[in-house]
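As written, the chains take the letters A, B, C and D, and residue 1 is the first residue of each chain.
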Amino acid sequence: MTQERWHQLTYWPLIITSVIFIVVYSWQVIADLQGPAYAVARIIIGVTWVVFAVDYVVRFALAEPRWKWFRGHLFDLAVVAIPALRPLRLLRALTVVQALQRTAGSAIRSRVAIYGAGAAAILIWIAALAVLEAERGAPGANIENFGDAVWWAFVTITTVGYGDFYPVTTWGRIVAVLLMCGGIAVVGVVTATVSSWVIERAAATAGDDNEPATRGQMRELAQQLAAVSAKLGDPPAR
Amino acid sequence: MTQERWHQLTYWPLIITSVIFIVVYSWQVIADLQGPAYAVARIIIGVTWVVFAVDYVVRFALAEPRWKWFRGHLFDLAVVAIPALRPLRLLRALTVVQALQRTAGSAIRSRVAIYGAGAAAILIWIAALAVLEAERGAPGANIENFGDAVWWAFVTITTVGYGDFYPVTTWGRIVAVLLMCGGIAVVGVVTATVSSWVIERAAATAGDDNEPATRGQMRELAQQLAAVSAKLGDPPAR
Amino acid sequence: MTQERWHQLTYWPLIITSVIFIVVYSWQVIADLQGPAYAVARIIIGVTWVVFAVDYVVRFALAEPRWKWFRGHLFDLAVVAIPALRPLRLLRALTVVQALQRTAGSAIRSRVAIYGAGAAAILIWIAALAVLEAERGAPGANIENFGDAVWWAFVTITTVGYGDFYPVTTWGRIVAVLLMCGGIAVVGVVTATVSSWVIERAAATAGDDNEPATRGQMRELAQQLAAVSAKLGDPPAR
Amino acid sequence: MTQERWHQLTYWPLIITSVIFIVVYSWQVIADLQGPAYAVARIIIGVTWVVFAVDYVVRFALAEPRWKWFRGHLFDLAVVAIPALRPLRLLRALTVVQALQRTAGSAIRSRVAIYGAGAAAILIWIAALAVLEAERGAPGANIENFGDAVWWAFVTITTVGYGDFYPVTTWGRIVAVLLMCGGIAVVGVVTATVSSWVIERAAATAGDDNEPATRGQMRELAQQLAAVSAKLGDPPAR
């Protein structure tokens, strides 16, 4: 079985597993489940974890060469191995970003904008869940309900940072650092998209005649010239 | 009646309605109107709301195809439907931004800068009004007068975020999130404009001879070559 | 007398007046002068103000057309008219930025970087002075000495905004807003400079052969072709 | 002995000295050494300082012309001369950045990203150490352990600035200012890298035929034309 085949087979099951994970995890954290309900939620989350772990192992086994694949998928390993990062697993859905590599022309800008907004929304949601789970009940913590957690996530990802809410636990701070990095990336993507548009418009001048000459035009000209040369035959002997 | 015709007919009435709205709304919020004056202000605001709602419905009815128009005007719907977003209605005046799509050359930079500054100014003003209306009198709120609200709006849109003032109500936080997004966009626009200028100057080299060849030059050359070819006639038979 | 001539005559006197102003103003604010020393400092500052006001009036009188000049120099008017903005007068020294308009090629990047750093340094210094003068002694103020004021200016211009110090007076907040705008501009300039470099390097490919063809090459080719055409004379009659 | 030769000889010894310095300095600050252990750590750090000072002096003596070298290495002088900046010495390892100057094509983006991430990581580590050494035990200080110092460094470099921790000493604030400047640079690098990618993709259009014509194509065409001209010989005498 090739990696490509495995990807095709597991694409939809993994998306569905991701959605189940996020729904159950949101429910567990927001409702602050206790007792049997908590146990049920943890079991479902555990099963989704096993699914992702198996997927990671199989992809590693199929990879060729394995060392290169391992280096290129450290993020996947971190998500599978470290409990606090579990919610980030949903970002996997964004690996479709690689589809961007194949897009070109001005359509790239709207795609970049859409993916950027989508990634920011998922990041805010899961960061709010993860920070709430880490902070709730910790001594000295000030993020105590989901509304405040979402507000904190917005204030952090935009790098505003009022300081009315901030994490105090180690896990909460790790989540915050990842969210800040996401914030810088979002600012970068917004700026890049606007820049690209401004630069293109500023470079655009009246009419096609002032655009740089193209390679296609060049090839046509070369053929035309070759035809002229053929008409002449060999240099005339005088 | 076409959408185009409706646009022409309603352009000035809607701008005037927007201005009436912002003046009355500013007066109501800043003066913290009570009793009959409050009732009058709310009635005028209600009338401006009806005008915008009718405009939305008519444009939807005239749109072709309707579904595509609907998807492209979700922002308009949100402004009409959600009370807390009402002040954002004034941003409609900025839809002239579409005029930018037709501008080209280096003039684009000053236009982008002017629209960016204008949008930021309107955004700060209406965010200050909206946050003040949402926060004033709320338990634990610290934004209690218009001066503080404007100061808070500046501190937020620039992503400085001292934390001396911050919203505590849900509506106030929604306004804050929209303002932060505006702040990121403003930073993006400033950076993009400067970038475009620096990149253009860095690419500029001494004299026209080192600029990329143009398509116009290419076409001229091809014509010249065709003339040479015509002079030669058919390949000489030897 | 032309504007150009006035500029040449007043260039050095105005720079020197600016330096005198900043030295005396720094001394007055940092040493928190009282009594006679304060009076002397204010008189010297008053004289520098008169010099700048005279310069503004003469330039306005010489301008042609006056209305356009007026619109393009609103910043100069604000600096002369509003006391709190007086320190910003030193930024005049940076009008040499117009020299940038004439620079091209990759040298533009180091110049932009140098001017950006210089402008940021002047802005931090005068914002610290102005905010300290506005805040010192105000009820509830927390910026009470020059060290804290400089620290506050750095925290603000970089948009970090810890909130350990923040202005509470109206003048102090106006200074802060100008400083924040300066901060966004500085970020924009840094990003633009780095962007320009990365974009240029990314576009650079191995060897000159893959660079876009130049207009100079095109003109040479057209001449070559014209020579061929001349050799052929009129189309041979066969 | 030439500067080049000195560089080759000292490259590895200086890297090793840097590593020894950072390890011992981290150990001294994190473990808050006292008594004999502190003395030992300071002696080792002193020896590394002597190594760097000697390197600076030798390079200055070998430089040609010395004044230009001096101006271009003010950062090196500051690192050697000012105790609080000592940890920044490790940034020397990043002078390999000059290797970037020789890289071109799209590979530049991944290199810029890697160096940017590496520089940010070193900067955060040494800023946390330096701020902790400056702040620990100072009256009114709130950064009292290494975990909080690292968290503070992340919050500062991303310009979020919650204000839950901030330096209160002069040395601590100098470290903070350098870290903020680093933060702006990191944002600039991220944005530049994304911008470059978006701009390139947006400019890319379907197929090679629409790329700008290259100088290589131009030269080929000119040779082809010269061949045609040679075939024709001198203009026919009629």
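Observations on the model:
As a working rule, a residue touches a chain if its C-beta (ideal position, glycine included) is under 8 Å from a C-beta of that chain, and two chains touch if they have at least 3 such contacts.
Which chain is which protein? Per UniProt: A, B, C, D = Potassium channel family protein.
Since the structure is predicted, the reported quantities are computational estimates derived from the model, not experimental observations.
Look at the contact of chain B with chain C and you find different residues on each copy: under half of the numbers used there are shared. In summary, the interface at A-D recurs among the listed pairs A-B, A-C or B-D; the equivalent pair, sharing over half of its contacts by residue number, is A-B. Among the other chains, B has the CA centre that is most remote from the centre of chain D. For the pair chain B and chain D, the distance between C-alpha centroids works out to 38 Å. One finds 27 Å separating the Cα centroids of chain C and chain D. Counting partners per residue, chain A has 159-163, 187, 191, 193, 195, 199, 212-214, 217-218, 221, 225, 228, 232-233 as the residues that reach two or more other chains. Those residues of chain B that touch chain D in the complex are listed here as 159-163, 191, 195, 212-213, 218.
In the complex of the two chains, the chain C residues touching chain B come out as 100, 103-106, 108-109, 112, 156, 159-163, 166, 168, 170, 173, 176-177, 180-181, 183-185, 187-189, 191-193, 195-196, 199-200, 212-219, 221-222, 225-226, 228-229, 232-236, 238.
Contact residues of chain C toward chain D in the complex are 147, 151, 154-155, 158-164, 186-187, 190-191, 193-195, 197-199, 201-206, 208-214, 217-218, 220-221, 224-225, 227-228, 230-233.
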